[in-house]
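Both of the next two complexes hold chain A, though its partner changes from chain B to chain C.
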Partner chain A sequence: MKQALILVPLLIPPLVLNDFWLTQVATRSLILGIMALSLSFLATYLGVVSFAQATIAGIAGYTIAFFGPNSVGIGVPLPFWISIPLALSLAAISGALVGLIARRSRGIYAIMITLAIGVAFFYFTRQNYTFFNGWTGFSGVRAPEIAGVSLRDPLPLYLVSLAVAALALALVSGFVRSPLGLTIQAVRDAPGRVLALGISVTTPIVTAFAFSGLLAGAGGILNVWYQERVSSFSVGLGPIIDILIISVIGGLRHPGGAFVGAVVFVLLETFAVDLIDRERFNTLIGVVLLLIVIVAPGGLQQLAHDWLARLRAPDTNEKSSV
Partner chain B sequence: MTLFLIVTLNGLTLAALYFLAASGFSLIFGLMRTVNMAHGALLLLGGYVGYTIVDATGSWGLGVIGGGLAAAFAGAIVQAGVLGRMQGDELRQTLASIAISIIMADLMLWYWGGLTYQVELPDALAGGQRLPVLNVGYANIRLALMGFALVVGIGLWFLIQRTRFGAVIRAGVDDQDMLRALGCPINRIFVLVFALGGMLAGMAGVVAASALSIAPGTDLQFLLSSLVVVIVGGMGSIGGAALGALLVGLAEQYGLAYAPTYGVVFTFAIMVLVLAVRPQGLLGKAEQ
Partner chain C sequence: MNKLKMAASALALCAMAAPASAEDVKIGVISILEGAFAALGQDGIRGAELAVLETGGEIDGNTIEVITMSSDASPDSAVNAARKLIEQDGVDIIVGPLSGSEGLALRDLSKSYPGVTFLNGSSAAQDTTLRDSSDNFYRFGGDGAQWMVGVGDYAYDDMGYKSVAVIAEDYSFPYTQVLGFMTEFCEAGGKVPEKFWTPIGNKDYSSVVYAIPQDVDALFVALGGADAVNFLTQYSQAGGDKPIIGGSITIDQSILDSKGPFKKLLVGAPAGTPTVGDYDGDEWKAFTASYTEAFPDGFSAPSIFAHHYYMSAKAAMLALDEVDGDLSDGHAAFRAALNDLTFTTPTGGTMRLDKNRNGVIDNFVTEVYEREDGTLGNRVVKVVRDVDQLLGQDEAAFLASGPVSRDNPSCP
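Our next item is the complex of A and B:
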């Protein structure tokens, strides 16, 4: 819950920011942060870095587009109170499937397998026209309207994203303290001992992946509302890497850092144009990632921690000497 | 029947390419436990450099060698400059190699643009051949590609099983600390193996640019195929890379020919099936 407090000051931005800042920077950071949180959760508590989070977010996004109003004429329109739970469950199920496939793999093996899953899904959406409308995907996706207010409007979308982000953080911190959450961490630390205690290793792993799929799915739904479209590019290597970069900038082992990383990433993306050629953004973000990995492998959150600790250190020394 | 034969031949061609790409990836992984995500970018770099050389000199052989050397050099720099400093921290290495691959891909896009390049073939490789027995016509370059992959495969086997350098690599795969204790300059070996892997990728890039074509995105395509090939075949095993490449190449072509919308699914299904039955890959050693 302590981490959810980070979000409280975020109620102020709508009062002071114009629509550009609110939507392009604040809301986008929140949405990307939620997706990155799903990755940081897995990395922190299960010790697995999954590259399939953008894929799962994409599955939720595609579900919303397929079962909702869109301008390509594919799919079955359903009311949003059916399509949203449907998208979330499909995301959780996809997460569980990824977990099932990757359950026996750890570390770099899990990275390779989840990356292969993600990229294979990307190529699949390009080839398949029945469900994914191939290369072009869905456009004209509209967020639901409640009492005449579209959730796509800047303020409602911001508030909804903020609420989802807070809920996601609260869910994560609650989940990791539950018996199942503790089992997941036990599997991370000593799978052999967990097995020896007679507890199946598969169930916690699959549940952790399903839970992170749920988070990614929530981010994916918000993202499709925000972008108003979803296509093969939404699940390509670009978004996969973006989510990874955000988590790494914030600190892979710090779930709350996902939002810090998202803000840094979005600010870079929005204002890099002024510093360098827009075309070369990928070089910039690559260099940033490389620098973070070399200089601060724990991410910005860890860096801040260390600095604070260093600042406090002289104080504690004085106290102890007194 | 003719369709089936041609599809099979296409599958073998693709398998040959995948093997060339994946063998370097697998070699690096086997020795250093480094997942080199920049492998696709090295391949693309080799392809571009090869194209530029062939364009300037008109010699295809020079292009293949030049492309291979360029990628070998880039690979050596990557290992000596960045990845070597994080030896033992696999996650950091993976992330760093992703960063390098993003930077390389973007810089290559800058320099060579978003065009599709195809390397001009020498007379000996242009045109086609009427195959005996099967009685179908087939492009020379594709037959040469299969031959090339065979030669590279045998060469690699010879290097690893029959030479002193190969013995050191094999020893490094089994017990790195022991090798270090025996006074072997392991860091230099790492750079050399990285260069060798880069060389294979670079040559594969030029060959891919000759038999097919290359463009931005080719790096991703070959990174994915290398990943799947080594996951299926077993990580760090050259024989596994060959077997995996055969399975994946054939599956992809049969999929394209007989179920065009679901071609990728075949590749993917093979991977999932292998993971379910033998997580370490068909010819891989079990994880410790």
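Our next item is the complex of A and C:
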């Protein structure tokens, strides 16, 4: 219930922000936050860092583009109430497949396997013309219209993204408390003991990947509505690393960190160019990200948490919720 | 989270309060300032700045302000850059972007912003203006097919090649280049029995090298930068000895200056391009002189990117001058002026637009020659004036042949 209150201030931005801030900053942060949440979830509760989250988001995005209105004349237009569940299912299935492939790997090996999957998919989209339209990809993708209101308009897109983000957070916090969620965390902490109890570790791992695929897919659908296009560039190394950066600077301690990281990342990416010589803005972005990682190894949410704890230090000895 | 939001809102208020007098004309320039193209993208910015410098930074009392933004060659980044320029910086005119797929993306975006006029930078995909064109998107330059005009005829008539294999990268710009070459070459009677499409950034070309048919007379190589060096090196190491025909970005000076056993293959190789660094036309010499004076740290001569960004920005300046810098009628008069504009380009031709707002350009056929000191250079062998986007063909027939792709055009 306490978490629901956080939503209230988030309804204020549409009243005070112009369209640019609402769409390019607030909505984009929410969308990237949802994608990063899918990574944070895996990293926090299963202890596996997956580099395939942008790929799975891309699969959902490509599904929406292929089965929806686009301007490249490829695909089969379907009504959105079919294409959206289809995209989400495909994302969840792809997530499960990635999990099945990577189920025995940990640490750097899991990173290598998921990275290989991501890069292979990237090159596949560049060279396949039947489903992915190669290098150029899909353009002119339009978000559905409901009762004459396009979901791509700034306010509807923000509200939909906000609702999806809230739902995703609620799902994650509910899921990790469920018996299956607890099993997943047990697999993270002591896979040998879980096996000894007679519980297969494959099912929890694959389910965790499928669930994170669902989250990434939801972000991917919103992203293709926001960009109005999807191409090989949307699943390349750039987006893969962006999602990792967002998760890390936000912090992996609490799922909400993904959104903190996304806001900082989007603000930096959008405005670094105004703060410094226009040819050098990437240096600024790099330096700031480096500073965040050095100063706050637990991410920005950890930093904020520590400061708050210090303020309250004398009387409360609050326990972490995770 | 809330603190961040507050900071964000405060920032937003500052940004909105930024002073902007009504008489400023803001021009946003989008180019690639990061990654492999950064040095070339920077030269595009120089071209646009040069056109503004020539006006003294103001037109009829209206200050011209240039705001640059970087993209990273991806359509998404070009769209984000344009959105920021329009919605946050409030620009009236956008000049850019640099590469083909970015141009298609901005063409689509321009339809959502009818109050902003877009002038293409150097992106050269065909459909940016030919099919599904946008009323407020202008290209004062050519597409990749126009940039190859003259080469197909030259290869068939002057070099005597009857059959040519194509090796090109697998995306929109090389498709368009291949169309430009094959349109003339096939019409003259030449054959293209085999086309090899390789992914951009490919390192290993051995499968292509060994699949090239032995009975072709020459190879048309539309690869850029490192891809061209890699292919040519591997081809000559494998004993390949077919003559080369180059695309617009295949045989640039950096390849001619690089070391490699393939250099002997390149002597005499023809190529098509709208920009030749050491062209000896009077207008080009004057343009080069003002470029080197304004940018002592630039290249020794304007690149294809500086040349094209310059022409677009120049067109904007001339049209602004015609309407006394007044854009208050929703750009109507400004766009009418752009549509009717004619001016002399740095290559000495007359720039004007066709009905799709695509430029009618000059094109060069160049060939590689060996200088006295043993180094290689490009020299002009033919200048083709007044090249339009339809390549001189009937419009209905040209459009009926369909969009360019791996299989279109074809004359095996």
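Just so it is clear, the second predicted complex is superposed on the first by the 298 of 322 C-alpha atoms of A that agree within 3 Å, B and C clash if a C-alpha of one lies under 4 Å from a C-alpha of the other, contacts with A are read in each partner's own complex, and residues count from 1 in each chain.
As a working rule, contacts are C-beta pairs under 8 Å (C-beta built on N, C-alpha and C of every residue); 3 or more make two chains touch, one makes a residue touch a chain.
Owing to the predicted nature of the structure, the values given are computational and were not obtained by experimental measurement.
Aligning the two structures on chain A places chain B and chain C in clashing positions. When the two complexes are overlaid on their common chain A, residue A:I101 makes contact with chain B while staying clear of chain C. By the touch criterion defined above, A:A208 lies against neither chain B nor chain C after alignment on the C-alpha atoms of chain A.
Within the superposed three-chain model, A:T270 lies in touch with chain C and out of touch with chain B [touch as defined at top].
Of the two partner chains, neither chain B nor chain C is touched by A:V160. Look at A:Q24: by the touch rule set out above, it reaches chain C but stays clear of chain B. By the document's definition of touching, neither partner reaches A:V235: not chain B, not chain C.
Once the two complexes are overlaid on the shared chain, A:A54 sits clear of chain B and of chain C alike.
Residue contacts after overlaying the shared chain place A:S139 against chain C, while chain B stays out of touching range. Of the two partner chains placed by the overlay, only chain C lies in contact with A:P9; chain B stays clear of it. Residues common to the contacts of chain A with chain B and with chain C across the two structures: 123, 127, 129, 279, 282. Here chain B touches chain A in the complex through residues 33, 35, 82, 85-86, 89-92, 94-96, 98-100, 102-103, 105-107, 110, 220, 223-224, 227-228, 230-231, 235, 260-265, 267-268, 271-272, 275-276, 279, 287, going by the rule given at the top.
Taken in their complex, chain C has these residues touching chain A: 1-2, 4-5, 8-9, 11-12, 16, 33-34, 38, 42, 68-70, 72, 74-77, 79-80, 83-84, 87-88, 101, 104-105, 108, 132, 170-172, 199-200, 405-406. Chain contact summary for the complex, chain A toward chain B: residues 49, 101-102, 104-109, 111-113, 115-117, 119-120, 123-124, 127-130, 237, 241, 244, 248, 252, 279-280, 282-283, 285-287, 289-290, 293-294, 297. Residues 6, 9-10, 12-13, 16-21, 24-25, 71, 123, 126-127, 129, 134-137, 139-140, 227-229, 231, 233-234, 236, 238, 256, 259-260, 263-264, 267, 270-271, 273, 278-279, 281-282 of chain A are the ones that touch chain C when the two sit in their complex.
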